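Please go over the structures that come below.
One chain, chain A, appears in both complexes that follow, with chain B as partner in the first and chain C in the second.
This part shows the complex of A and B:
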């Protein structure tokens, strides 16, 4: 810090003069910059340092005590191993499926729960409650409910003479089943945000539309949908970040199986860590970092731009 | 017209309530029923009433498993939650307050890092390396600091949005009355932030309480378990005791449930003000 004084000396000098002038008059800034410091220390030590260190460690064979520099071998291995590259694809599928479903279902539920229907308070409470419940608990409960042999869901399907799929034992279905449970658990938060967005729309717009004799669909398309866009941006961003990073539910339900069919990058990171491949695990982290940033940066840019236009 | 509106209100409402029963309440009913069965019946995973209710017996059994491991896990989890959320609230309030009130050249930097911390997934193994470096790996204080750090960004966003609603005139009045910057923040501003403080406490403590990934990486081994880790390990250790597994689940669902019942309105208000406007 002190070494940087020389080139910016004049600017600093001006500020210092200004500050000492204020001091002479007895006015000191009531907002001391050191308020940033405690949070900054935590952030630097436990977040920034590990994040920057991960770029180096991802290029090494690492045992936590010794490192051996091996260049991009970890990344090459990641993308050549079919099990690992499947996780890469799965991460995108999982993130986009859960996010899209939360937007559509969340908006539909929010429309329902802001219209005058019977039992609205109860419905709002019950939709939001799963958000608060332990993900591991939800995962294990649905594992029992969807059990292919004894589970109640397949018992009902069998009773109705419908096919009884192996929800999380069928490799083609496992990832989507978990995504479905994720949507069940997380749709409450999307609904809540959409509800806030809809309630914030001035009621004059709806009244004007009613006077003009607009149908429900026209009102939705021309008033609700455009004006609820900021809320939609928030829902998309939150659910995408959560979906791309998701781990708990997948780990509780399938451990990434059967085979590697429901593995995502986050579960691969844990598996490689567990097996002692710390370098490879950290490379997974760097890939997840790149994936999340590469998706979120354009998405948030696009959403913010549209918002500004309105 | 009135007939249509009547139909809309009641018919759709009744359908929605019925659907909500199947979709949202039955899974919870399943947990309660399973928790009251004997091991054999619970293992069948049927959706039926237990032939013999042994709810209390299962409760005692699950508490006693592995030398009262659940009780220890409960204590650990509560300690981690209380301390990490306390740190989060004070530090994030300071940052949010300063970001909103003072225009300095640090603002863009801080804003950038808040956004980055929301988006970037934590680098887990290097974090373990750092924790080992400072001697806090596999310790409760280490876990507290990690949870506090990971929750900071979201809390800052909520605080920043809320500080904007507190008029600056209050600051000026306090300053004229001779309050220093510390007194201004801790005795004038922080009490006014109370609604959002409650929101942050509720939202983040539910999050920390339910966190699985953090303890999985940073508290491995069974000497300092948390509830979520304990539930997961319980599931892999005792395959034949589904009744106890579901009793465990029921137990760890109760604290968030109580939180929700007490702070329902608060959660909704705080989440929306922070999430939509921030």
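This part shows the complex of A and C:
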């Protein structure tokens, strides 16, 4: 054990020494400093300034006409919102359900679409197609399809004598229905990333496994799954961030309803904007920013650490 | 792909042009003014069928009378989304010259003193009904003229069903429930009470339309409510009745099955066709019936939302919407805009309004008279007013209206939230609104 640990230790030590050496010399860059100025100006004007402005406005009562500094009152008030506790829970349910489903389904579809099957190019296009369609359009389409009384989906279920759920009008089902639509729409991206990951695995590994007489499951477990892990990290991070701050699909399908049952943080914030509470909703955005960061930082650290150890 | 320098330049130029186009379009807004002695102004109204049809007809008649002025019509969504657009357009100075919007508390939220032109000295101001003047004024200055008629928030009902079952117009809530139960027993295919939560705003009628009853029991309620005094809260009676009623009709199974996915227009159609018997709604929705089932207009009557005691039962009245002139409009355009506002309330303008916007109650300006063939429900409304059994809606007496009322009431009316919890949530919502508005005492 000790012998196994020692070399890694030295490797890490070397790296650290290298890094501090670099620091001493100053950061050497292939570009002259003036080369960064245009990008820095863009960054400042479009990202840094609005970010700090929103931190400021979150501390004011802002009607678009006038602002009044009120300290942390907005944050206090935001947390007293009757819809907020449920919105918090819903945000996490939505984020984790969509993210998990995209990982599992995306990997399965990627395995299918990288194997030599008939019409592979066409099928790849079909899986990716929903990604290209407008989210609002998808939301309205599914709203019509899943209409509990006049929609074709329940008409078919009724014809088969199956129960006809109120897909987005039943408070217990609404959030999961939207999550389902989100998965359908977003799984194409996950599939694409997984496909890139699978294709990048050197074919020698698979050949060697085949020579050793490994079954399909053994190949998947011992070669594909470990080597596709960087791709999996990317999919998890992207879909989790997307899920935690998702809004457009939820708004198009239910406006957060019925009641508050499919509200997420982003839709609560939007409602505050609609009500004209601009300072309050900016405070909500700052909170959303903090929440997403607080969730994503450990997740991304964890995923990247696993990657480094491989 | 080989990309030569020229090709890169071409692509870059095209990309820049594509980026610049929308920007150029934005700044074009109100810039295009007089061309060849003609003045062009713009008029903003809501994009629903009834409002845009009315806007078009008014513009057509106006341009005929004033050939030197052209009016361009713009539309935008109504509801809370529209409220937001209004505020954005006014605060960024990109508002149309003339615009159509609510009166009362929503009008106050637009900061009229800085965003709108003062119309106090216009000739038509003296003809306004006093109640209307108060809901478009700030500090004694008048900023708006009425469009359309006032309307009631009450229960619309199908008279044929009432006649067939020999039912009487209820004056107490218990009578209303027993009527509904009789309707339910007589025909399972007729919904006794329609609810249409696909348009969430429609969930509020049993609460907002109950205000006249609250006012009858406690005339100081609105004042106390605004100033956070006493027990003028929705968790307490008499105001709690509205929440209770919303929950009760659902728990007693008196509501249509597809209440969660029905729209306002579908509910009005169901009422006109007799597949629904009663619908807590604004009488202004009769416009939908006039468009879709004109023959059924006179089958629909209206009665006030019944209170617990018959002596308190009164009708809640909404003032008409207003049209306003943006403060940014000046010179020739301001004159033209003022002419347009005056025209809407001139005898010719009233004529157009009578033909296009379905009248749903009395006008609020003496120059406009109802036509002889008004929908029958206006007679019902006028009777309450003549008997002194009517009161303006709460939004005309208090600037506070919590933004989440419709969502909370959908939850209460769907049986997700108990009435008491819903009322408590709404009181918290009201508190937030009052604090945001900076009202003293909260």
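We take it that the second predicted complex is superposed on the first by the 276 of 310 C-alpha atoms of A that agree within 3 Å, B and C clash if a C-alpha of one lies under 4 Å from a C-alpha of the other, contacts with A are read in each partner's own complex, and residues count from 1 in each chain.
By our rule, a contact is a pair of C-beta atoms (placed from the backbone, for glycine too) under 8 Å apart; a residue touches a chain by one contact, two chains touch by 3 or more.
If you're wondering where the values come from, they're calculated on a predicted model, not measured in any experiment.
S.K.: Can A:169 be said to touch chain B (first), chain C (second), both, or neither?
M.R.: A:169: touches chain C, not chain B.
S.K.: After lining up the shared chain so the two structures overlap, which partner does A:80 touch, if you call chain B first and chain C second: first, second, both or neither?
M.R.: After superposition on chain A, A:80 lies in contact with chain C alone.
S.K.: Looking at the overlay, what does A:64 touch: chain B (first), chain C (second), both, or neither?
M.R.: both
S.K.: Please indicate which partner A:292 is in contact with in the superposed arrangement: first for chain B, second for chain C, both, or neither.
M.R.: First partner only.
S.K.: Per the overlay, which chain contacts more chain A residues, chain B or chain C?
M.R.: B
S.K.: In the overlaid three-chain picture, which partner chain does A:147 touch, first (chain B) or second (chain C), both, or neither?
M.R.: It touches chain B and chain C both.
S.K.: Please indicate which partner A:155 is in contact with in the superposed arrangement: first for chain B, second for chain C, both, or neither.
M.R.: first
S.K.: Just checking: does A:118 make contact with chain B only, chain C only, both, or neither of them? Give me first, second, both or neither.
M.R.: Touch partner of A:118: chain B, not chain C.
S.K.: First (chain B), second (chain C), both or neither: which does A:49 touch?
M.R.: Only chain B; A:49 stays clear of chain C.
S.K.: Is A:259 touching anything from chain B or chain C once the two structures are fitted on A? First, second, both or neither.
M.R.: In the superposition, A:259 touches chain C alone.
S.K.: Going by the contact definition given at the top, which residues of chain A touch chain B in one complex and chain C in the other?
M.R.: 64, 147, 150, 273
S.K.: Taking the touch rule as given, give the residues of chain A at its contact with chain C in the complex, in rising order.
M.R.: So the residues of chain A touching chain C come out as 61, 63-65, 68, 73, 77, 80-83, 147-150, 166, 169, 171, 255-261, 271, 273-277, 280.
S.K.: Per the contact definition, I'd like the list of chain A residues that touch chain B in the complex.
M.R.: Touch list, chain A to chain B: 28-33, 35-36, 38-39, 42-43, 45-51, 53-54, 57, 62, 64, 112, 115-120, 122-123, 125-130, 132-137, 140-142, 144-145, 147, 150-152, 155, 184, 189, 192-193, 195-197, 200, 230-231, 234, 238, 241, 245, 247-248, 251-252, 266, 269-270, 273, 278, 281-282, 285-286, 288-289, 292-293, 296.
S.K.: Within the complex, which stretch of chain C touches chain A?
M.R.: Interface residues on the chain C side: 80-81, 83-84, 87-88, 91, 109, 111, 114-115, 197, 200, 257-258, 260-261, 403-404, 407-408, 410-412, 414, 416-417, 425, 428-429, 432-433, 435-436, 438.
S.K.: Can you list the residues on chain B that touch chain A in the complex?
M.R.: 8-10, 12-14, 16-17, 20, 23-25, 27, 30-31, 34, 44-47, 87, 91-92, 94-95, 97-98, 101-102, 104, 106, 110, 113, 117-132, 134, 145-146, 148-150, 152, 156, 171, 175, 179-181, 184-185, 206, 209-210, 212-213, 216-217, 227-228, 231-232, 235, 242, 245-246, 249, 252-253, 256-257, 259-260, 264, 267-268, 271-272, 275-276
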